[in-house]
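Single-structure report; data block below.
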Amino acid sequence: MTATLHVAPQVGEKDDVDERVVRRKLGPGRRIRFAFWVGPLLVLAVWSAGSATGLIKPAILTAPWDVVEAFRDQWAEHDLLGNILSSLTRAVLGLTFGVLAGVLLALVSGLSRIGESVFDGPIQIKRSIPTLALIPLFIAWFGIDQEMKVVTIALISLVPIYVHTHNGLRSIDGKYAELAETIGIGRTEFVRHVVLPGALPGFLLGMRFAVTSALLGLVVVEQYNATSGIGHMMTLAGQYGQTDVIVVGLVIYGVFGYLADTAVRFTGRRVLAWRRTLDD
Amino acid sequence: MTATLHVAPQVGEKDDVDERVVRRKLGPGRRIRFAFWVGPLLVLAVWSAGSATGLIKPAILTAPWDVVEAFRDQWAEHDLLGNILSSLTRAVLGLTFGVLAGVLLALVSGLSRIGESVFDGPIQIKRSIPTLALIPLFIAWFGIDQEMKVVTIALISLVPIYVHTHNGLRSIDGKYAELAETIGIGRTEFVRHVVLPGALPGFLLGMRFAVTSALLGLVVVEQYNATSGIGHMMTLAGQYGQTDVIVVGLVIYGVFGYLADTAVRFTGRRVLAWRRTLDD
Amino acid sequence: ACGNDDPAATLELSAALPEKVPSGTTIRLGDPAIQAVLGAAGLDKELSAAGVNVEWANISGGPQSIQAFRADKLDCSSVADIPSLFAAWTGTSTKIIFQSVGADPLKFPIYKLGVAPGVTVNSLADLRGKKIAYSAGQAQGALVLRVLQKAGLSQKDVQLVELTSTSDSYVTALGTKAVDVAPLGAQNIKIYEAKYPGAGSIGTGIRDDAATLYCLTTSVQDAAKAAALKVYVGVRTKALLWQNEHPDEYAKLYYVDSQGLKPADAKAVVEIYGDKAIPASWDNAIKRLQETADLLATEQKHDKLDVTTLVDRRFEPVETAAAGSHVVTGDAA
Amino acid sequence: MATNAGRLSTEPAVRVRNLHRSFSSNGGVLNGLDLDIAAGEFVALIGRSGTGKSTLLRALAGLDRDVAGHGRIAVPGSVSVVFQDSRLLPWKRVLDNVTFGLRGPEADGRGRQALAEVGLAGRERAWPYQLSGGEQQRAALARSLVREPQLLLADEPFGALDALTRIRMHALLRKLCETHRPAVLLVTHDVDEAIVLADRVIVLDAGVVRTDVRVELADRSRSDPAFTALRTLLLDELGVDEESRR
Amino acid sequence: MATNAGRLSTEPAVRVRNLHRSFSSNGGVLNGLDLDIAAGEFVALIGRSGTGKSTLLRALAGLDRDVAGHGRIAVPGSVSVVFQDSRLLPWKRVLDNVTFGLRGPEADGRGRQALAEVGLAGRERAWPYQLSGGEQQRAALARSLVREPQLLLADEPFGALDALTRIRMHALLRKLCETHRPAVLLVTHDVDEAIVLADRVIVLDAGVVRTDVRVELADRSRSDPAFTALRTLLLDELGVDEESRR
């Protein structure tokens, strides 16, 4: 038996060289900086190139520079800011109610089979039906004013929140529920400590859809008795065939949608710091 | 030291009594049989009751029995079956292409940061923009015939597939990627054995949205140069104020949407048998 | 144009319409009401005999036809008078190549004013102070402006409620008293009044019978297509007259088979719309179009428009020739 | 919380009679098992991998609602489980995992103390994935120890620990037992550990308790011949023959 | 696959020089570690929980791209890892987990054989969640054994196994070593196991190799006094004093 105890640190090679085992990374790898800008810039580039070369005719899609012009005109002459603000107010109000109701319903229906059998079916059926077709009902119940618009947007954004939270909840690993059962906590604590954090990834994905749904819902609701709003502006422009104004609206949609989506994803990365996934 | 070895089975109490430790179940518990029917029947019951008591005026929502009448009339006189079939053809075609493209894009953009920076932004922007507003572009590129309709539906259903598959892929636990790396497999095998099964729950959730999106997309595309289809039928009925026919369309949407959704969820339960979640 | 690469012979807009249709000429038409009756009227043979291929699109009405025009997927579409104004205002050059009118336009209006239950509107003057559904870009919107003009009211005397007319949104808005007055298609009045007890309606007393076929200017400038369109205008004239003479067949072929109405409803609709007529001259129609253009230009802040640039009167004699003795003159025209 | 917790002081804390459990894919796992554990008694459970030790623990914990079988089980009202996997909630920091479900203002302090006792002082705000295997196991142990249950079910709680840490955890567990006197059922693969810690060692085999030995050693030292004898006995019961034991 | 695999027959299979690794939240874990493992050599790695054993293995496996630190590492081209958690893909049945990544027509047969060898014959079509803790560990072992790597990194592969199963797995591992002669780095907490299996035992402490002992026993029997002496030495190194060892 030969024992070499308390091995002295070997001399030489005392450097900062970093030679690691290089293994082919199968995941997506490190995040690229400024990746946020690539997508929008690409869209802009293709659009500009298409317009400049005449491949995209202005009748089909207004050129970016003309949209800038129209934007400036809308801003200065037609209270574009006011339109954006009143649309955002509606969207945010509707979204808030929709998210609250969606999470609540998802909890009730996710945690009890009876709740599920009562709420899940109607929500699935509701989401199979075009919102536009439901508007007459909402008009009858809620009038044609702000109330109807907020309710409609709430019902639109409720759906993805409900479905995703419900799905996320039901996908929580059963072993955590087991743990919670042996810990001897009640329903409320179970929801707070296990269900909500466990369903959070699902909820956040739902938020990504809810946010865009709420914005898209504006186009529908602002056809009804709106005097301002992006959807209203686009409806009018659509009727008059003012392509450039429509495209101003689309750009605003694209910008807000992309920003909101990125914000939700960014939030997701922060609040899901406890996960180690392919994304890290 | 006292040793009682090879303990003989104790006599008495040799019965089939089942007295378990009863612990409050925090998850949703056992699945209820026939739960599938509860939701639709509930909707039907509320609708019938509302119509019968006059709470829901026929002007707002046609009564179920009148819808049955209208359904029969549409079936016998106006080739409802043909409308349904031509709508389904469009939806299925579009869905197929959309799903294929969505999965492909999700893989490219999920597994490579470069792919992500190129594709992800434009898709997020696309999904923030109302489809209706994109139709003029599609008309310019794909004409006003079936091609345009299928492409539009493909692009509509691509979005949820892409977002969910991408999200599902990126949510795969990093430790499985590590395992795959030490196993020394290539990209293709990694995709096949780790990424696809790991992203499957996400993909299936995406499918639930893709299916309904494809159906809802019909309403939009069938406004353009269609001579048959449920969306076409509803557009026409709207023009002539045939509320009952619109409701026939809505019911068909509800039924198909619910069936498709249930089918996807059922498939999910079968192919995800390897999971033990709160749902089990 | 991006659709057809072979350089088609161009035709000056002042040149005479060519007689001969080159073989293989196809025109793309959104004209479903005519399409439905051509076969029964035996007119499809006339088209094919002249060497005209038609690619039918189930498109009619303003927004959709303008979209299809812009994408160059359609040559002509049947519409009322408003779309050609908006096409011009938004930079799509079109020409009206066909005009028809109502045989008795005031008795058979296209639109009436629906009045919400419990609201009293007996004459146009009663509109003062009322909430009126208004959608700027649609024919209904133009109608409201014209009604106000006729009633001697300005936009400030009433409360215009921006509301797009989709599906039965106007009916619902009236029924739920979200608005007091809204223009409704004449065929919807009966349904509306049946649905909502106490609901009423009044006529506008305004002619809203303009009906045109308008085409992409580039299509009219295409010598081959112009020749084919010339043939089509003749055929279309006869088809309209055939519809007048065969209301039951027309109801069946178009409203039942193509539009999905019940036979009884289809007959009612045909009756409500009344007979169509071919004017002996387009002068009056153009004059009314100019008035509408002027009104919209002021009220909706559009550019002034000379509507004579929107019509191609070379087709006028083709139409009247085909109608022969059936042309109408005087009040109706 | 378990409801059929009718424990009388004369009654055993845990009473299992004729327990059967089987998985459809795998036949009978428990085949009429009987077991009593007195209040305050420390029972070590050993047995071959896959014999049903965890299945038994899960039955006692009331976590096998959906497993086929029958039998009678009675357990005390407050049960705490250390699972074979450490089962930390990944979305809770280590301290929150330890205090999960604890109420009262001192919960935080008790959690910190328990963490310190298992050698994780300073790691309170780490996420579970940031802990080494042994650290995760210790955090799970800390979570059970702060709870002072009437019955502690521990499924190989020391499997991933080195010798020294293991000895410290033994001491900790012993301290808990002396203070609160819970009934303990501890699964272990280490026969020495079983002898050192337990009042009784039972061997599970073929779905029943094959061996039930009371450990009555004055001094639980490995040098004690009685220790060695018991060790040999248990290894024999586990099927380890003298030769392969060397 | 590792790319800097320039192993010459005279060179050691594994060569680690001045290896540093640290986690932001936790300071230095490896602090200038040096280690050589000859081709075909079996090295056991012991050390306190949380000293960085897994961190070292992950560095050798090339899985610590994102961990701060530096140093030189050279390993053979084909490496196989048994992770501390058994890390079976939950969506693959047991057999598919074992044959995962194997090519060729005999993959299936070899997988079945490996499963039989670890005592899981008949469980080929079970889902991972249907296995007991020890069964999962054995399935993970089987997955590594079918691969015949040049370097086997095993992180406590026997931690959840009972004495008898463990002895069987030892024999299996020894057989593999004799047939294919991979370099092996085995993490274990069981000092006896280390002595029984390894050519060399190293003790990791404070981020460096604190002790490096060559095991040169004629007969690795626990009754051999040399065995006991080595055992005592290693336990001393781990900080287990005579008293607590009893």
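Each chain carries a letter (A, B, C, D and E) given by its place in the written order, and its residues are counted from 1.
The rule we apply is simple: contacts are C-beta pairs under 8 Å (C-beta built on N, C-alpha and C of every residue); 3 or more make two chains touch, one makes a residue touch a chain.
A quick note: this is a predicted structure, and the numbers were derived from the prediction, not measured.
Touch-path distance (fewest steps) from subunit C to subunit D is 2. A straight line joining the Cα centres of subunit A and subunit D is 46 Å long.
Mean C-alpha position of subunit D lies 27 Å from that of subunit E.
Counting only residues that touch two or more partner chains, subunit A has 23-25, 57, 60, 132-133, 136, 140, 175, 180-182, 185, 194, 238, 243, 275-276, 280. Counting partner chains per residue, subunit C has residues 70-71, 166-168, 172, 175 touching two or more of them. Chain contacts: subunit D has residues 1, 61-63, 85 touching two or more partner chains. By the definition of touch given earlier, these chain pairs are in contact: A-B, A-C, A-D, A-E, B-C, B-D, B-E, D-E. The part of subunit B that touches subunit C in the complex is made up of residues 58-60, 73-74, 77-78, 135-136, 139-140, 143-144, 223-227, 233, 235-243, 245-246. On the subunit B side of its complex with subunit A, the touching residues are 23-32, 35-36, 38-40, 42-43, 57, 60-61, 110-114, 116-122, 124-125, 127-130, 132-133, 136-137, 140, 160, 163-164, 167, 169-175, 177, 180-182, 185, 187, 190, 194, 201, 205, 208-209, 212, 215-216, 219, 234, 246, 249-250, 253-254, 256-258, 260-262, 275-280. Considering their complex, residues 175-176, 178-185, 189, 193-194, 197-198, 200, 273-276 of subunit B touch subunit E. Subunit D contributes residues 23, 25-26, 46-50, 53-54, 84-85, 119, 123, 126, 130-135, 138, 155-156, 159-167, 189, 191, 196, 219-223, 235, 238-240, 244-246 to its touches with subunit E in the complex.
Those residues of subunit A lying in contact with subunit E across their complex are 1-7, 9-10, 13-25, 280.
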